[in-house]
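Each structure below appears as structure tokens.
One chain, chain A, appears in both complexes that follow, with chain B as partner in the first and chain C in the second.
Let's turn to the complex of A and B:
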């Protein structure tokens, strides 16, 4: 319907690609697709959409969703060496959503939202339930605009599925949400055979209401779709990258529905590790953000075949990678299958104090004890600024722990808490129970004062171009730590079978002798039917002994 | 054996059945398992001609979702509220359903995951429930397991054509191994069935009767079992596209004027009043904490 396309200018779509060489012999590739639709999210029925995906629109309308954030990631983002990503994602699946204030039953909507999303993205998000979701008090504030004065955190839900495997079947439906799908534009570069052969890959959907204009009296609906990939030069075999090496093909022009289609290459590291871009870029952009200067080469995607190659010039200077201001680890302590502990280590490399919020969503089968919570900063025990703790309940809700911490300059804080290993019911063990049970990653949030190693988008922006020169008061990072696997005491599921086998064997072995003993009598009998040769032998022996000893005692040998 | 299950799915997709009408259940994560030397790919045979786990595969039930309960619920339509359409079998009394099952089986059961199994009686009862609920017109039931014939022996509902890769007491043998992954990737029966389907196009005149004879004993080694007594038609007169393809004869009509029944009135909504919207600081400021 061309007339519609002509008349409707209420929605805009932009596609961007950022390629950034990381310090650690890795290449970060980020696709950012942003749709902004000037419609009132509270009144929109999603009966007809133009660029905005209707399948997603129907879901958010049905479940009264105000904001939706979904990410599916394979691998772990290495903050310490890679810096900060544009959008954080926990390993596995992660969903958080804000519901509108007139939602009657948030838990029910949340459950059904997750199961609808599982159909939309072919992921097992339907395992999200009340018993593994929390409503974070401090960590997940609305990213979009709100009109209410007070933010009521009973309308937010957060859950993660650390076990989730991300594969091509997730990418396929994700691409179908894009206006050009993967037919043309930057999304045509996303070939599953190439993009899953990387160190880290994540796909994400972020939907939120935003300001329509500067006055911010009306709202628009914004949808960000992103793919993040981290290529390893070792897997690629060379440091020189090209579209063919990264994606298996070149680019055949922009998505015709997009307003702008651009490619940025971060050339900040060109000073120390020089590389040459072929063809030469259309433009260079210098971005000064939070005291950190970075340069980007900009390419506009033109309606003909194009490819970008980077050739390293070979004269490398020694590179000192300064770790980012804040990063974190998480691990399990203890041994045996009785008691254990979870330790979260938070590193503040900044010269100033940092305020951080640690969110932990611990499954109900890992009962933690709040009195064992211990926070050490550089080995000295400290008290947290605040704690928000909702104890879990078996099979009903997880343990929700949020800790507000003030980290002194250049310090390492370790937050440790003890837990018990519990027995589950027989039916609650998964088919591969001996694989272990996952504990999702902790989320450590902070507002960094400096934008060093920071590539995230500002809160009022949706595109990579919005992040240039976007100096703000603080730069939000939400560090995700590693997932953990624990082995709960797992019964031997073949035990009944073994017991039956063993019991039957024992019975069979015992029955024969017992039957013999109880039914048969042992009687001593004298055997007469001796063989001829034995008789002859006995005679000889008898005769011989009689002659030698002259004894008259009768002997019989039997 | 992911190829085993993806292969038929890929074939029917090629013959015109859209993804939305295919429900794929895979318990394995073989394609993206870290041990797969070629991530996100599964090839139809060791010569790696066709990547069947390509860019357009949509797995509807995966991992722990693949349970006997979910399978029976899917067939009978007794799903929890909020189940997305892609996880429902939205069929009616006019639908032809193709059910393809593969895995480890035995006399009267098929294993799911490593922990449970569906018995032939449960399978037969689920199909009867489908019949009573008018959820199918005809079913083609294909199963490639050891002792496959035992799975359809108990069926008692009408209009079911069943084929199994082996008779009771026989093993179903695999075709070849992929040395890179170190597993047998496809079974003999499925291999020859797919080979047959490769040469089928949407306008084919081939019949189900021909399909039932794709794997004679000398190539399959096991005897392919067929059950036709529940099926009312002669398989030799049933086009193969009745089950394996979506062929809809399209007739173009040009001289028809359509009168809109409903006048296209846009519903007048009350215009949104300007409100003061704001962004919330993403993190709590410790100074304002009580």
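Let's turn to the complex of A and C:
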């Protein structure tokens, strides 16, 4: 029914680019592609799709997925100096998904979903398994609409692969999911030769069901695809940026399938670090959000070649970076390879108290002891508001710890827990065993009362334009901490035969004498003191004399 | 020592050349004080953290984790850190939480209790030996009379046993390191004691407790019926306590399948670290059979006349070959050795074994530190030490058993080893 699709326009696509100079000599570039398809997600078979990528649709349909969030990131987002990104992503690969309530075997679907995504994105997501996934109780709530009010956390799965390295081979298949691929529109700027030469890059796919209109009588399917890049002026060599410097080429017009194609440049910092935009923007937008005012220059992408340059005017005044309300980091304590600890430090810079949820997904080869959990706020031991803990099992299940905390105003909380280093079987070590094993980042979620440093999208929006003037009661941030690497003690990989031989020898050392003792009896025998050489000599002499005497007899007979 | 003196043996009357009650009490006090001092000193955590003392099976850290999880309403058997049976967890919870005893004092009490039990075990065994010696004196050869034990030997041996327990560094470390082997040893001593005093009920109950704690203690020389009954009831209590059978996998499955490859003084860890996956099951089966039932029947037949020696030998072999041995297991059997004072003359490898024990005890922690902390050694070094340690124990147990046979032979046939006036050799044939 192609005429129906064309006339009803059941799906809409929009592309946006946000360029935002950060305080710390970095430039944040975010591509946001949003598709909204007015179809019933529960009944759609994904046989015919228009803009929505069919490859993804088939996966969603097949594994009964309600919501899907995938991100692949290289580098670490520095919350302390960069503020909050539009979409959070943990270093490496991160996937979380909600399955529909009629899913029979969630674990099986989850495993197969990850494998399919691994094929779709050319990432090693197939390593996601039951033994490294958790079902978070508090941290990952559905982002889209849910049919029934009761949210059962048995239908959500979360896993991260901190060791995953993200590069061109993931970007290329990701671009194929876009309606114009990278042939035209903003996606044509994603030139892998340029965009991986940055401090931080992440690509993401977020799919969820949303309300079709305010009445929310029907639901639609929404897909957000995004690329986040953080350029370093030091790597670029200059502070003045242009499309050519950032992407190696100019823009050749919008994607013809897109409803709107817009570029925003955050000019809030223009007050202190003035720069001039060439060409001058079509429009200026002032956004007041959660008590925080920001201004944006807006460009509508026109169907001809364009480029945007920014030239800094050189009159810099002193910059004061106000750190975001909540940020965190994580590290390993201890020395040696026997016992260690994981410390998560959470900084609350807000003037009010904050309620946060800390999610730790700790792999099974890092067994943690819950009784050693210690939470200090400004050096004073406190008790958490609540704890959700599911102990792990070797080779079967990770340690899943969620801590509900109330952080007093302007405080530093340190959450520490002890773990043991385990000894694995020799074939369980990865090829470069001394490279170490990764522990994924902790996820710290909070609803911030203020939108300072906050650029995230509101829950009801899918585009950057939706975030302008979007004051809400709270602003959800999910801060990801650093990955950690521990080096587990290794056996000698060249030894298997030697070890098997030696250990069996010891067993035989016991078996031999015990066998003798239990099956034989003690007897006295004549002591034979003669040495072997003497024995041989005696025998030869004896034989000789016998032969001689024999010949004597013969002679005498003759 | 003239043989006639041994006839004066009266069980409760100390003689001139024996230790006085005061001395024995002083010994216990000193032993307890050493433990008390160490357990409250800063060395406690150092000792407790050593893998020779705490294995995954007996470390108090894991028990406290289990108790903590229970107090938070989380089933500790859902995870795989805890490997204690629910019954023993109930015991620990009662001891530490209901009775409000400090953990260290609990360990101290049980350890000293074990020492007391060992004293009575040795006394009873010595008495049995004396009775046996008196009964079968007629069968002994004339010139072997001087090999018979004399009164002071009988009376002093229990003191030596207690001393070997109280001042054995292995046992001190075991108690100070808060390994639950202390409780295990207590029930084991209770079992031995009741076995020697002939109380079937108590011995089966205590053996069942031992078995609940560590599987490898199932042995055939008890009344099987009572044992099974007690086991079943303990199992039932455990199931009720832990809401399910998850603990079976966590406790016994863990002991049998050896999933945790943390190094210890045994043979399993490196062997199964380096094992090829498709041979793992085969070798686990053969090693577990070797540790438990392989030697049980032959030894029971051969040494049926001396059940206590048999028990000790089997305990010794189990402590060498079990999947998660610790110093507490070795030390316990070592402290029983003075019971066999009559065999010492016939053993040959005492010096060798002693030297290996000394060297491996010193080298073990050093090489561990070099491997894990300084990164200048590797797993092979520590593995070498554990091999040597196991060999020493094997030499010791085979030596004692062989000495028993030789003594029996000498008692029957006299001390002269001559055939037709010629020097003869005593060999196994």
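Here, the second predicted complex is superposed on the first by the 487 of 558 C-alpha atoms of A that agree within 3 Å, B and C clash if a C-alpha of one lies under 4 Å from a C-alpha of the other, contacts with A are read in each partner's own complex, and residues count from 1 in each chain.
In this text, contacts are C-beta pairs under 8 Å (C-beta built on N, C-alpha and C of every residue); 3 or more make two chains touch, one makes a residue touch a chain.
The structure presented is a predicted model; accordingly, all values stated were derived computationally and were not measured.
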With both complexes overlaid on chain A, does A:126 touch chain B (first), chain C (second), both or neither? first
Where does A:355 make contact in the superposed view: on chain B (first), on chain C (second), on both, or on neither? first
Is A:520 touching anything from chain B or chain C once the two structures are fitted on A? First, second, both or neither. second
Between chain B (first) and chain C (second), which, if any, makes contact with A:507: first, second, both or neither? second
Regarding the shared-chain residue A:389, is it in contact with chain B (first), chain C (second), both, or neither? second
For A:366, select first, second, both or neither according to whether it touches chain B, chain C, the two together, or no partner. neither
Quick check for you: in the superposed arrangement, does A:166 touch first (chain B), second (chain C), both or neither? first
Would you check which partner chain A:265 touches, where first means chain B only, second means chain C only, and both and neither mean what they say? neither
So in the complex, which bits of chain A are touching chain C? 335-339, 367, 369-371, 387, 389-395, 399, 420, 422-427, 489-492, 495-496, 499-500, 502-503, 506-507, 509-511, 513-529
In their shared complex, chain A is touched by residues of chain B numbered 27, 29, 31-33, 38-41, 51, 53-60, 62-65, 80-87, 113-116, 269, 272, 274-286, 289
Help me check something: in the complex, which residues belonging to chain C touch chain A? 49, 61, 64-65, 67-69, 72, 74, 76, 78-81, 259-263, 267, 269-277, 287, 290, 294-295, 298-299, 301-302, 317, 320-321, 371-373, 378-380, 383, 387, 390-391, 394, 397-398, 401-402, 405-406, 409, 413, 417-419, 422-429
Going by the contact rule set out above, which residues of chain A touch chain B in the complex? 40, 42-43, 74, 111-112, 115-116, 118-120, 122, 124, 126-127, 138-139, 141-147, 151, 163, 165-169, 171-173, 182, 191-193, 195-197, 209, 211, 216-219, 355, 357, 385-386, 404, 406, 430-432, 445-447, 459-460, 474, 476, 493
